[in-house]
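First chain A sits with chain B, and in the next complex the same chain sits with chain C.
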Partner chain A sequence: MEGVTEHLNSDAVQALASGEPQWLQNRRMDAWASYERTPMPTTRLEEWRYTNLDRKLKLDTLEPLGWIERSFSKETAPDRLVAEMEADHESSGHLVELDGSVAHVDLDPALASKGVVFMSLRTAVTEHPELLEEYLATSALPAERGKFQALNAALWTDGILLYVPRGVQLEHPIRVSRWLSESGKALFSRTLIVAEEGSQVSYVDEILSDDLDVQSLVSSAVEVFAKDNAQVQYVSLQRMGRGPFHLSQQRTIAGKDSTLDTLNVNMGATTARLDLNAQLVGSGANSDMLGLCFGEGDQHFDHNTSQDHVAPHAYSDLLYKGALDGKARSVFRGIIKVHKGAQQTDAYQTNRNLLLSETARADSLPNLEIEADDVRCSHGATVGQLDQDHLFYLMSRGMSREVAERLVVIGFLGEVLSKLPLGGVVAKLSRAIEEKLHG
Partner chain B sequence: MPQNDTITDIGLDEYQYHFITEDEPVFRSGRGLNEKVVREISAQKDEPEWMLDFRLKALEIYNAKPMPTWGGDLSNLENVLDQIYFYVRPQEKMERSWDDVPPNIKETFERLGIPEAEQKVLAGVGAQYESEMVYHSLKKEWDDKGVIFDSIEDGLKNHPELFREHFGTVIPSADNKFSAMNSAVWSGGSFVYIPKGVELDTPLQAYFRVNQEQMGQFERTLIIADEGSKAHYIEGCTAPVYSTESFHSGVIEIVVKPGAHFRYTTIQNWSNNMYNLVTQRALVHENATMEWLDGNLGSKLTMKYPSCYLLGEGAHGSVLSIAYSGDGQHQDTGGKVIHAAPNTTSQIVSKSISKGTGRSTYRGLCQVHEGAFNAKSNVECDALLINDTSRTDTYPYIEIEEKRSNIGHEATVSKVGDEQLFYLMSRGMDEAEAMALIVRGFIEPIAKLLPLEYAVELNRLIELEMEGSVG
Partner chain C sequence: MSDTPILSIRNLHAKVADEDIEILHGVDLELGKGEIHAIMGPNGSGKSTLAKLLAGHPGYEATDGTVHYKGEELLDQEPDERSLAGIFLAFQYPVEIPGVSIANFLRTALQAREGKDAELDLFEFQDALLDRMELLGMDPTFAERPVNDGFSGGEKKRNEILQMAMLRPELALMDETDSGLDIDALQVVADGVNKLHEENPDMTVLIITHYQRLLNYLKPHYVHVMVKGKIVRSGGPEVAEELESRGYEEFKTAQV
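This part shows the complex of A and B:
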């Protein structure tokens, strides 16, 4: 029973489950049993080859953050959280999660009257049990998918439910701000997004924290369903301080003729691991998958993506870019899997890495597994340094080397942002990249 | 598209190297692998003590290592290994003239066209039948210049110091389970030394034939290309088709000294009941070049990733690989390049064709160590799928620790386009001809690097395999 500790054990699960409806209690206990059964991933597994959990994650001392009734006001909230919220543009609704408990939700009343549901997961247990029973940790991220999927399904304390009814379109993004302040803790949060047929929504999740002296684990489980003809954009901005281990497990399920795009940005945390599986289950489904990371110091980013073409005539295009300074290290392991019968698939995958220092390191494993013959698939990966011609050009125009380098890095990473022109996100990230470049 | 039955029916799609030679070996070990077999092999070869120790230690390593769980399906391999003969000695001693080779064995190689090729285009020829080299010869002009082209056993006997200095240094026994196995039971293969500054203008060739049923062949080749030399070595492999499975596991070690240029070409056309698990590696020193040209057409399962360890500044390595997987075949091939010195360059080009239920896998590694500045590497993989039951995979590993490097990988997967076929057929070709032409065009960038005779042969093989393939 690897990973069962003084604080992470069946008593903790029982304490959370007490008072919950029976179906949810059962689901937690089953997930815990699955967690106990599953061995801790080691570097002997292909998916964990470059991230040694033994060294990177100190599970033994972590205490789970319990749910606490919290309120949010700009006066008492951390300055950085308030500043980042104020930098956001218009929204259809906000949600604030503080140390794993939702402290604030608001939603445009016009949307609420159309049946849009946007609330804390904890509230949803009593107000929308039918949605959670159907979708929460069932078909997208069931406990059986892996050790940490099971851990989150057993120990989640709160999170977000967004439900968009058939045909409803949201003009502005839904914005979620999450904040972590505590050291030595384990935070388990879930996000569930269900976009019914023909609906449209974009969703931006931003997670922030102070620098922490002692490692905390932040586990985010994200399940996104786009039904037939729905259009969903999911954006995750991870901009925590140093100290945390961020574990983001995401699965997107794209129905017939739907569009389900994702953008994952990793700039913060000491270690950040992303597992993203895009399922194209309906014919004509589309998924653009964008990713960007910028590491320095001893940051370690590990991206594990898969594009699962189950249905024919679907399209997916992945672009992940990373810039690495200091002793930072990035891993990209991505797979395009075209299942038998998924004819007329178009699937692409590109990973590009920029090494900015002598001690940075990038590993790239872009994989293909193709079991249908009438497909167009390609992938590419590059690792290199700043383009010397670009630098030379800028310097010949009178820029210092430093400024020229900064511009080339911004241009390199900016390609990803330019593909998803979502209100405020591009400006915010461009600024964040510049800040990081200035050190 | 309709199946082109007529061409399949007349049997052109069949393996053309299926013929069994009736003969009685002079010695055959028991089935399976154990210490007794290892001691027998060593005794049969009258080896020095150190080699027996080397073999026995390798056997221990082999027994301790688990079966790989990646790559192809090896689930039945242990059963196969229990049944095969690890050592079969076909004749008493190796010959230098075809006239002295026993008639039935000579006939086998004549049917494969080896003596004819030797006269026309080769600098030297080695022929291995079952576990031993039965023939080895080198043209006199190269012999006079100090070139050594011998069986591996004679290399050990006649050049003990040179042999021991390099043997097992490029691929240690413990490198992987099958290199350990080979190190325990190796038999046959070539020992090659190209002296400083000598440039061979025609290739050396070794031909490997397995004739017996349930036979394991474990050739071991050691090649040393001394400073500034240049040579090309070709190996070819065939076997008859049996209902039971056979096993081939070679270890090829190559040392390319400063400024030398070495090319190693494999045309592997084992029958479809053969497991082919081979370790090939070259150490490439300062300003030297190593080229692997790897053609895998036969076997049931091949797992083979020719490697270049670029150890000296300015070294260059390349791996050019063609794989063809027909019904029931799995070619799990690729290449590895390790950049361990500055200003090193490498290239991997892989082309695969999967037909019927065939599966082609590219698996490769490109590694740049810290300090190997200005390393440049480019990897390109193209896969062609012929039927909807075919499968292709691409698994590259790119591990970069040096900022001042430039590394790229690209892969594409495609199908033979209906438009391409339609165009060629509108010009009067039938479907099979059109398909063969498109496939030839696909592999042409690699085929053109082969000596003419082999390029013709490769194209002919592909054409035969493509007959009746339009589905």
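This part shows the complex of A and C:
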């Protein structure tokens, strides 16, 4: 029973489950059973070839963070969290999660009266059990999908539910700010977004932390459903300090003629692993999948994506870019999977990496698996150094080498941001990239 | 010609940095303040190498001779120092920088001219940019586009001229600015350079070109012919006309 430890065990699951409705208790216990029977992934598995969990994740020492009644005030909250929240533009609603427990939620009352639900997952257990029973860890991220999906499904303490009823459109994004302060802990949080037919919503999740001396694990499970004709943008900004291992497992399920776009940004943490599966289940579904990472020092990013075309006439376009300095390392492993019957699929996948030092490294493994015959698919990957001609061009305009390098990186990563029509996020990330460049 | 030339090249030998292939075999050239010179030559004559070397391209290396710019030794300066000292190279193949707008790029370049301690006045910058674009007959939205990203050949060259207009060089090196341009685009670019020279008659211009056609629009005071890494003939505008009718053949054979 690999991965069962002094703190991560069935007692911990029992403790969480006690007092919960029976269906949820069962779901947790089933997930735990699944966790116990699933072997710990090793580098012998293609999907984990470049991330050695034995060395990168000290599971034995981690204590799960329990749920605690918390409140949020700007006076007592960490400065950095408050500063980032204040840098956000207008929002339709805001939620703050501190060390795995939701401490604050607000939602535009006009939206609440239209039936929009935005609340902590824990509250939703009693207030909207029907939604959780149907969607939570069922069709998107069930425990059976993998070792860590099971672990999260068994041990989640809190998280976020966003439900947007049929036809309701949110003018401003929903914003979630999450903060981790504790070392040596394991944090399990879930996000469930259900956008009903013809609805529209943008959702921006930002996770931050201080630098931690001792590793903590942050496990985020994200399930997003866009029903027919819905439009959903999901953005995840991971800007934690050094120390944490961030594990983000996401599944998006796009219905007929829906648009379900994602942006994943990894700039922080010591190790960040993303598993993103975009499933296009309705014909005419669209998914733009954007990603960027910017690493330095000994940061390690591992992106594992799949574009899963189940329905015909669907479109997906992935662009992931990484800039790496110091000894930082990134892995991109992406697959376009076109199922039988998914005719007239358009699916594209591009991964580009820019190495800023001799010791940085990027591995790129794009892949296609096509079982239909009338499709348009392409994939491409590049790993390049800072180009001498680029630098010369900028320096010949009077910029110092340092400024020229900075501009090339901003331009390189900025191409991803320019594809995202979310003003506040673009400004925030441009600033974050510049800050990181200045060291 | 004024007393001290703005640029003085003596017996310049140069090679590709990583290889032992000499490209320039002893170039002598003097440019006076405000003069327009053209260097013409066939492909592979070394004329583009000369332009890049003067701007400090790391791919080329001088092995002998001297270059003085405004009386100072030029060759040991970094490309950015040369730019700040007033040298501008209009590239034959401008580089694409996706994700950085022309306005942002120019703002960064002008900030470099202010130095670290002074902040560029953004309102003044915006006014100057609009003014320069108007002078060159450009649509203001042009500056919002990412630098050279997906630009046509003509747009890239116009962007070079816009940068030149903003940076106000004392010595402008035009490296095959006419390559890949149709006649309309060529005229627009030449008009731009002419306007900048009229506005600032002290600006010295060195045009590097294979063809005579650019010189129909940009009238040089002096024309030099470069063949196999040396200047083999210098004279007035009539040299260009000679070349137009007779070609480079006689220079290739009659070489020193």
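Here, the second predicted complex is superposed on the first by the 438 of 439 C-alpha atoms of A that agree within 3 Å, B and C clash if a C-alpha of one lies under 4 Å from a C-alpha of the other, contacts with A are read in each partner's own complex, and residues count from 1 in each chain.
Operating definition for what follows: a residue touches a chain if its C-beta (ideal position, glycine included) is under 8 Å from a C-beta of that chain, and two chains touch if they have at least 3 such contacts.
Predicted model, so just to flag it, every value in this text is computed and none were measured.
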Is A:Leu355 touching the first partner chain B, the second partner chain C, both, or neither of them? first
Classify the contacts of A:Val375 with the two partner chains as first (chain B alone), second (chain C alone), both, or neither. first
Chain C versus chain B, contacts on chain A by residue: B
For A:Asn367, using the defined touch cut-off, is the partner it touches chain B, chain C, both, or neither? Pick first, second, both or neither. first
Using the touch definition from the top, say if A:Ile410 reaches chain B (first), chain C (second), both or neither. second
Per the contact definition in the header, classify A:Ser418: touching chain B only (first), chain C only (second), both, or neither. second
In the overlay, answer first, second, both or neither for which of chain B and chain C A:Met395 touches. second
I'd like to know which partner A:Lys74 touches here: chain B for first, chain C for second, both or neither. neither
Now for A:Arg55: first (chain B), second (chain C), both, or neither, which partner does it touch? neither
Mind working out whether A:Arg37 is in touch with chain B, chain C, both or neither, as first, second, both or neither? neither
Take the contacts of chain A with chain B and those with chain C, and give the residues found in both. none
Hey, which residues of chain B end up touching chain A in the complex? 70, 368, 370, 383, 385-388, 390-415
Residue set of chain A touching chain C in the complex reads 387-390, 392-401, 403-404, 407-408, 410-415, 417-418
Using the touch rule from the top, collect the residues of chain C that touch chain A in their complex. 55-59, 78-80, 82-84, 88-89, 91, 94-95, 97-100, 105, 108-109, 112-113, 146-147, 163, 167
For the complex, which residues does chain A have touching chain B? 46, 340-341, 343, 353, 355-385
